Amino acid sequence: MKLILKNSYLSVLLFYLLIILSGFLKSDPYFVTILIFAGLNALSALGLSLLMGLAGQISLGQNGFYGLGAYLSALFALNLNLPVPVALLLASILTSILSLFLAVPALRLKGHYLAVATLGFGEIVYLLLNEWGPGGPSGFGNIPKLSLGSLTFESPLSYLFLVWTLFLIAFLLAQNLANSTYGRTLRALHSSETALRTLGVNLVSLKVKIFFLSAFLTALSGAIYAHFVTFLSPATFSIFYSVLLLMMVMLGGIHSLWGAPLGALFVTFLPETLRPFKEYDILLYGLILTLGLIFLRKGLLYPLQKGLKKWISF
Amino acid sequence: MDILLEVKEIYKSFGGHEVLKGVNLKVREGTIHALIGPNGAGKTTLLNIINGLESPNRGKILFQGKEITSTPVEKRAKLGLARTFQLLEIFSGLSVLENVMVALYAQRPWGMWKSLILGDLNKREKEIKEEAERYLEEVNLLHRAKEEAQNLPAGEQKLLEIARALAINPKILLLDEPAAGLNNRETQLLGETLRMICQKRGVTILLVEHDMDLVMRISNFITVLNFGEILAEGTPLEIQKNPQVIKAYLGEET
Amino acid sequence: MELFFQFLLSGITVGAIYALIALGFNIVYNTTSILNLAQGEFVVLGGLVMWYFLEKLHLPYGLAFISTLLISGLISLIMERLTIRPLIKEADPILLILITIAFSILLRGILMFLFGKDPYGYPPISEGAPLLIMGAVLQRQIIWILVFVLLTMLFLYLFFNQTMLGRAMKACALARDAATLMGIKTSQMVMLSFLLSGLFAGLGGILITPITLMEYDRGPLLTIKGFTAAVLGGLGSNWGVMAGGFLLGILESLMAGYIHSGLKDALALFLLLLILLFKPAGLFQSAEQARLRKL
């Protein structure tokens, strides 16, 4: 009889409890807000980690899904008067379906070409939002906060709970995927696509499904963002977001799903710690990222992983 | 005996250099058919064309009587063609057992959502694990099941590729130099394994090889390919006695 | 009709800069298989540093010109030494692309720190009234831009076909392992390719700033445009990518002029997507050629 509660599940649960607790204990709302953003980023980065770490593909266009998820959910709630949870889900699903139009042709490409195709996509979405989104470059507000029935999510702590709980669920599911033979088939994409083809595997179908999943997670993250800050402007959804997300996954460590939350925490809190440095901030940011990529190649996780190998599975 | 695989008038050139010049080949069902010839003769290219990884400039490939010349690689695998590679294409990063499990998944896939929700508690996971162990046993690799595939010596990696290819239940197995890198004892074992695969499982084997001992010992038929053209074809005995073959090829091999 | 020529001219002008950026991309890509996504920052560098030498230090034009080119090339070399060289054996393309992005942020941060967020400009190479050709206004600087692009093309032809060094680089691009076996030091070729791409991008910045001014954050969009041009023309071929640059510039200009100026950047990207999805080898080379280059 297999234990349902495994070591890997336990470690996520522990991590989750740590996050929630730190939010409750440090009652500074600013800190909690950054933690919420870290959670949103972690959710989005998880999608990217599945795409890149597990399936070996690359996307520099996640900002497109982030933006579409946010704008669509906001508009569904504002203009169509849909209840926010419905708007969230609908926006996420719709964005994922739209992602298929990019994914199916683009995933036939490899490496650089795929990177640039997704980059182009992300940039187009940004430009379209900038040109045709409500309010144009200035954006729009009055987006309703999340409410479930009579319960309205007002306080930062409620969003903290929401975001990280969603992350917890997504992470558990992602671990399931990674530890299954399906997940191993995805990992085989890294080593020999040719061999997979000769075994009869439809590569495009495999890649497209993971792409869909990653788009969904990012879109969901964007949608929640919209109802949390209640104001949207295109600047948030520029290519810079995609680059940032990529940094999170790479610095966190691409070989493990844990790279997503760890990288997200690191990269989200980093600008905050650099804030006091004023004009040096972009410079230091770039410097830390560059050095981080050069020296922490295998990610922040690697030294951790070596020590805790028994407790953290993929 | 039925003709399982037929290669008809295949021509292939790479940037002006003609590699295959009107190759014809018939592989009979249930036999071990060897393809020999000097390096650069076009043997791997021919396998690639049969398998679907490359397209011929001219000619046809027929499998079980039906034309598959423009059928994609993945489809050919489903029809019953499997292969191994000269330059190893094992799944590094996965264990030996996992390599075969992936093949078993490929043979009867299930959806992503099932794995998301159930992970390795999926019933099928247990089934394919046991099945994979059986395939590993057949090629004498079961004791290596948990090891990382890329840590195996080259000879055993080739055996792994064979196990993996068998896992998709093929009708024909295309082997590209399976004996390369094996010592005498291992080659003997390989020969027995291949013979057993052919006889017990009824899998037809087309093998590209340089090891003449192995070829002569286990093949039912041999085709000699010399710089893109078929030089001779026949049973091992006939080939050994063929003067053209001796002059062009066998005399240079030790 | 005059309107058309006006658009054509402005298209050729900006296209020339795209061509130079795309060229830099291609040279690095050919020798290293890396996409240097910091390319656009060197254009900005060229413009800003030139301003510094010209307007702050009051150096004569020619001296400022050459000094800026040298600085641009030097920084590109430093980038290669510090960030690419240690990792090139790693062979993970994603990591290398990311490093170039991270470095571009660093470089942009340095430029912002040194020059602030204001736009900078300086006089063109030759002052004087613009010329009138077929009803279109032709600024003299545009002629200079075309002259320099032609010089660049001449240089490319001579360098890659007539000099040992250039031929060695070409060999490196086509078959790296074979080149190493013949005694060509690939690490030197990599350095040289970064140097050249820094020079060309810097040149672009020096030439375009008198017309469009230059700000610290122009980099990313220029990088994307340059890359679009390269892919449009066909990555791998120097002439192809330059042609792609001009084509992109002209299409963009016509789009902005006749249809909708706000979306002209989106056009570039849309084209990029279409090309990548349907003809990744580019417009000016065949799929077979691209494959033979092992793209």
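For clarity, chains are labelled A, B and C in written order, and residue numbers in each chain start from 1.
Quick note on the criterion: contacts are C-beta pairs under 8 Å (C-beta built on N, C-alpha and C of every residue); 3 or more make two chains touch, one makes a residue touch a chain.
Being a predicted model, the structure only gives us computed values, none of them experimental.
Counting hops only between chains that touch, chain B reaches chain C in a minimum of 2.
Closest to the middle of the protein, by Cα centroid, lies chain A. Rounded to whole angstrom, the centroid-to-centroid distance between chain B and chain C, based on C-alpha atoms, equals 48 Å.
Each chain gets one centre point, the mean of its Cα atoms, and the points for chain A and chain C are 33 Å apart.
Inter-chain centre distance (chain A to chain B, centres taken as mean C-alpha positions): 42 Å. Taken in their complex, chain A has these residues touching chain B: 2, 4, 173-177, 179-185, 187-188, 190-192, 194-203, 209-210, 213.
Remark: chain A residues 52, 58, 105-106, 109, 111-113, 115-117, 119-121, 123-124, 127-128, 131, 239, 243, 246-247, 250, 279-287, 289-290, 292-294, 297 touch chain C in the complex. Residues 35, 83, 86-87, 90, 93-95, 97-99, 101-110, 112-113, 220, 224, 227-228, 231, 262-263, 265-266, 269-270, 272-273, 276-278, 280 of chain C are the ones that touch chain A when the two sit in their complex. Within the complex formed with chain A, the residues of chain B that make contact are 51, 53, 73-75, 77-78, 82-83, 85, 89-94, 98, 101-107, 109-110, 112, 114-122, 125, 128, 164-165, 168.
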